[in-house]
Amino acid sequence: MRAPSERAGRTRLGAWLLVGVLGASAGMLPSYAFAQEKVLRIGQLGVMSGPAASWGLINKYTAQAHINLINEDGGFEIDGEKYRLELVSVDDKNDPRVAIAGAERLVHQEGIKYIIGPNVDETSRAIIPVLADGDAFNVSYGWQRELFSPPSENTALGMIAGYQSAPLIYKYLRDERGVKTIACLPRNDTSGLNSRDNCVAAAEQLGLEILSSDSTYEPGTTDYFPVVGRVVEQNPDLLVLSGVTPSDAPLLIRAARELGYEGLMATETAMDAKIFSEVAGDLANGFISVGGASAPEIRTDYMQRFIDEYEKVAGEWNDEAGTKVYALEMILQTIKQAGAKAIDDVAAFKAVVPEVDALNPFISEESIKLGWIGDSDFQQKRQIRVPMVVTEFQNPDFKTLFIDTVE
Amino acid sequence: MEQVIVNGAISGMNYALMALGLTLIFAIMGVLNFAHGQMYVLGGFVMYFVYTVLGLGHVAGFAASIVTLVIVGLIFERFFFRHALRMAAREESTMLLAAGTALLLESLILVAFGEKQRGMPPMVSGVYKLFGVYIPAGRAAVFLIALVAVVAFILFMQHTKPGRALRAIAQDKEVSALQGVNIERYSALGFALGAGLAGIAGALLVSLLAVNSGLGTSVSIKAFIMVMLGGAGVVSGAIIGAFILGFAEALGYAYIPGSTTYLLIFAALILFLVIRPQGIIGKPWG
Amino acid sequence: MALIEVRELTKRFGGLVAVDHVSFDVEPGTIFTIIGPNGAGKSTLFKLITGFLRPSSGKVTFEGQEVTGLAAHAIARRGIVRTFQETTIFKEMTVLENVVVAHHLRGQASAFGFFIHSPQARRDEAGFRASAERIVDQLGLGTVKREVARNLPHGYLRGLGIALAMAANPKALLLDEPFSGMNNEETDRTVEMVRGIRARGTTVLLVEHDMRAVMRISDRILVLNFGKKIAEGEPKAIQEDEAVIEAYLGREDEELGI
Amino acid sequence: MSRGLLRPLAGAGLALLALVYLVLLPVYFSHSPYILRVVSIASVLSVISLGVWLTFAIGRINIGQAAFALIGGYATAILSTRFGLSYWLCLPLSGILAALVGTVLGFGILRLRGVYFAMITLSLTEAVRLAFLNGGEFTGGASGIPIIPLPGELSLFGVVLMPSFQTVNTHLAFYYLAAALLIVTLAVVWRIGTSRLGWIFRSLQQNEDLATSIGIDIARYRVMAYAICCFFGGIGGSYFAVSQQSIYPNVFGVPDSIFFILYCFLGGLAYVAGPVVGTFILFIGFQILHPLQEYQQLIYAVLMIAIMLWLPNGLLSLRWHTRADRAELARLEGREARS
């Protein structure tokens, strides 16, 4: 045992270290002293640590890269004035409690009106009261209809939900590839089981025969072989990996192919080409997923610039970012439409939501404009009209199958 | 059914590798290493980095993973656990320290390797089909390597001087101290060895199951299940536990709705531990 | 009527019979000692009587009521309280705190009563403190009562163990090897202590190796060997009993003490 | 341990603290919800941790508290949405339900100690989460129960005891609800700690055999301690369910369970106030570290380990020392000397 005096010394040392670091970090708070130039601050709230860290970080990098581009070009113009953009991001640890605190930090401390994220139903649901109370608006990546339907009116869906893309994809495959039987294989967690239910519903709508939907796999740690084996036995024409994460997907595909499965495979969400070719290589050829604006043949130069910038910010391009790029763009376009007053007045923002109809700077497909949709699913326009680029994997990249939009 | 058995055996062997390091560290130091899963993940990332990014071979990957984890293990033991074990106010403290180190390692991995989830192609491609049972070459290879690693480890524990010393410490610290075994040195060795095993497991399984920076906790939980099932701090127990879990999974996935498989596994574990706390072949109260 | 009646008490562990159809009576206000070579089953017998083990067969009655197989705390509640060897104490509490806690059995107030600090609870607490002080002084622990038990000098530990048992206000006190590892003068002190306990009207059961002390204080002695009762009687008779000498044959006289 | 509480906060200190906590802070920040929210969350997390502290008091490492928070949360969600019960009924019922479940399980699992109990409770956390996740219609499965009404008015014989939360400053209302919960819980646990119950619990922690031999019904008392622990878990879960107006299977998981024991430990297991101090410092600490961005979690972990190594008896062992304190510290020092 150490002499008490020395222990006391260490004790004090520890205490000071604690105080020091806390103080230092508190000191690092962003300084709001800007020169004459006007600043528009955008919030980003999402999970940036723990198992789901990638979801939030992709949003962060996407927004940051996009903002860098805009600021490079001298800022974003609203009512003839240029605004320099600034991103404030907060980690919600995928914990509703932390998410609420984070949202209130953004809305009330930082005085931010427009927030990108959070990433899942739990956290998105938790911050709705905060938004209503602080009169702020967010673009969420949760899926639950309640989030975007009245009475909730300050939350919009930033992507195409599985229950929207699934019917379109299955329909295409039914008509073009003669799919008659289908099996859904979700992972055993919230988002997975939700997508599974969507998968089943969509399939029933289209009159497809559902061979299997009650098999699941544990996130991350399980050998997928046993699970896939059971599903493949029934040999469906189409195997849907519901709510699969980009890293699990190639492993599941590989397992299925190794088990001699020859049918089609698809998922409703965005995947990442790199990990596909790294892990499954040619085995993943023909896998159908929903890409963003990143498929090479439809990129605009602006998209290419964005991709390069993203690589600077994140160190490596991620195709998922191609679907997340629209959140900031839509917020800005809508503010522009509503005029400078919308910067601090969400009501003004919401007022013009139905009218927004801007050019999509990311994909060469002229016909597809940016705008707000959602009347059919949410009885109000609370979803970004993200072009649904359905892609097919051809090692090492995604090839566009067809482009569609949900209304 | 044959397929189920094969699947169970393959998973079981993988899991055995996951559980060995954990049970070793527990046996030697009485520390339940919550950071075990994170060590596994680190091993996986190092393998990925060496193999895919640097383009070096599997062997280099394994070597790098093991070395990295051994070093991490030594650092943890020397700067955290040795101190904590000496100062330990109450039994809880080391377990909680381990939980802290888990969080630390997880954050380090996220900063070092980024948020993307990483996977690797199988070490050997192709599929064998024997008596209607699919055996992918990649899985077969992993199975064999895991088998070799486990056997090698057991031989080491049985027939080498350090191995015997470690077993002696696991049996009874005081006595072995009296017999002149250098407890501190061997504790360090044991911890490094345990970490190294986690590294091998990660490096090997990253070709079957991708890793991401946050995967650690779920790996740890699985390892805990196996270790408690077999009997904490008993090598053979860990292996038995691993195979039981492997087969339970395989059966569950084959015959009941997958989503309830793990619910049942946890329920069964709780029930079993209430009836037989020391696990299948553990000594009562560790 | 005997205070404790043991009838045909038997305990098997698998094949081994640790206690084999043992019967005896303990009269109130006496010191009754159980001796026997190592592994004779003394401690097992002890555990059976105090409910720390369930007997395979046979029965124990206390004040005419059967207590066989009751939970240990329930038996303690009836008035049979045991001590442990050496270090079985509440290490992180002071000597006094140890003894106060041990008064649990005398508490009148309910758990909730204690929680809301009811008058009854206050009376209990006060009573406990007073009686604890008394016991501590009687057992010669007064000088160390503020010490944390863990730091106690070795000699006091067994005293504290007995104090804990006394606090439970037992009708019968079972002492587990109270003299082992003691030098003569410590032994003498403990012998006095035990006599003192009897003087307070508490019946005492001993399990002991140290024959010399046993012979001095026991009113009656039971000898066990391989789980069987081989003799019972006054110390004098025991000393001459053939079977006993037989059982101890080959052991150095020191242990036999004759 | 009980002596740990009142001394540091004694007299004036305690009064001042209460003044700040109940008046100055809420009034001054009544219109900065963020601050109120952070303190409210810390308060209720403290309530849950205080439960865990009780299981530490009987010598058990409890990694199962998240399960009971989840049970409490779902109880509130189901009772208020399906049966339209007033929140003021749901709150206590959630606690009681959690306590009942704890009691039933307790008789089985409390026979285990040390790492065995820790692991069995950890499994419990996972089992309960999966049970709710696969609970089908009843629990809403993966999509949880997304719309829980705010607490309504509570009136007795026409006397309004509690206004409907819509009609008042909701943040302030939730703040005071949290504060009330914390103060009551702390008072209860402190009473347990100082009363005879506390001593009985401590005797269990230190030697269950001896406790039995002096007539303590250890099974009964350890289940009692565990049930109280679970009760606080349920209460906490209920609060979060209603303040988030939603409940999902994975809002409380193994990481939460682990954090609850960390809160207790870093605050100081020897002090009733330990869990509270630990929770406040750690939860608010994470918020303060926000400017570190991607290094937030990393530095957070480093600080946590630093505290464990430098203050093995918790943050509270760092406070201004009275003479009695030094005695207690010396005692703890001695305790360390042992190993």
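Letters are used for the chains, namely A, B, C and D, taken in the order the chains are written, and counting of residues starts over at 1 for each.
Here is the rule we go by: contacts are C-beta pairs under 8 Å (C-beta built on N, C-alpha and C of every residue); 3 or more make two chains touch, one makes a residue touch a chain.
Computed from a prediction, not measured in an experiment: that's the story for all the values here.
Chain centres computed from CA atoms place C at the largest separation from chain B. If you compare A-D with C-D, the chain pair joined by more contacting C-beta pairs is A-D.
The chain occupying the central position, as judged from C-alpha centroids, is D. Chain A and chain B have Cα centroids lying 33 Å from one another. Centre to centre, using the average C-alpha position, chain C and chain D are separated by 42 Å. In whole angstrom, the spacing between the mean C-alpha positions of chain B and chain C is 48.
Those residues of chain D in touch with two or more other chains are numbered 130, 133, 255, 294, 297, 309, 335-336. In chain A, 48-50, 188, 193 are the positions where the chain touches two or more neighbouring chains simultaneously. Residue positions of chain B with contacts to 2 or more other chains are 106-107, 110, 217, 259, 262. In this structure, the chains touch in the following pairs: A-B, A-D, B-D, C-D. Within the complex formed with chain C, the chain D residues making contact are 191-192, 195-197, 199-200, 202-203, 206-207, 209-210, 212-218, 221, 224, 331, 334-335, 338.
Looking at the complex, you find that chain D touches chain B at residues 56, 61, 108-109, 111-116, 118-120, 122-124, 126-127, 130-131, 133-134, 254-255, 258, 261-262, 265, 269, 294-295, 297-298, 300-302, 304-305, 308-309, 312-313, 332, 335-336, 339.
Within the complex formed with chain D, the residues of chain B that make contact are 26, 32, 34, 80, 83-93, 95-97, 99-101, 103-104, 106-108, 110-111, 217, 221, 224-225, 228, 232, 259-260, 262-263, 266-267, 269-270, 273-274, 277-278, 285-286.
Residues 1, 4, 7, 10-11, 13-15, 17-18, 21-22, 25-26, 28-30, 48-50, 89-91, 95-98, 100-101, 104-105, 107-109, 121-122, 125-126, 128-130, 133-134, 144, 146, 188-194, 197 of chain A are the ones that touch chain D when the two sit in their complex. Residue ranges of chain C in contact with chain D, taken from their complex: 50, 52, 71-74, 76-77, 81-84, 88-93, 97, 100-102, 104-105, 107, 111, 114-117, 121, 124-125, 148, 150-151, 164-165, 167-168.
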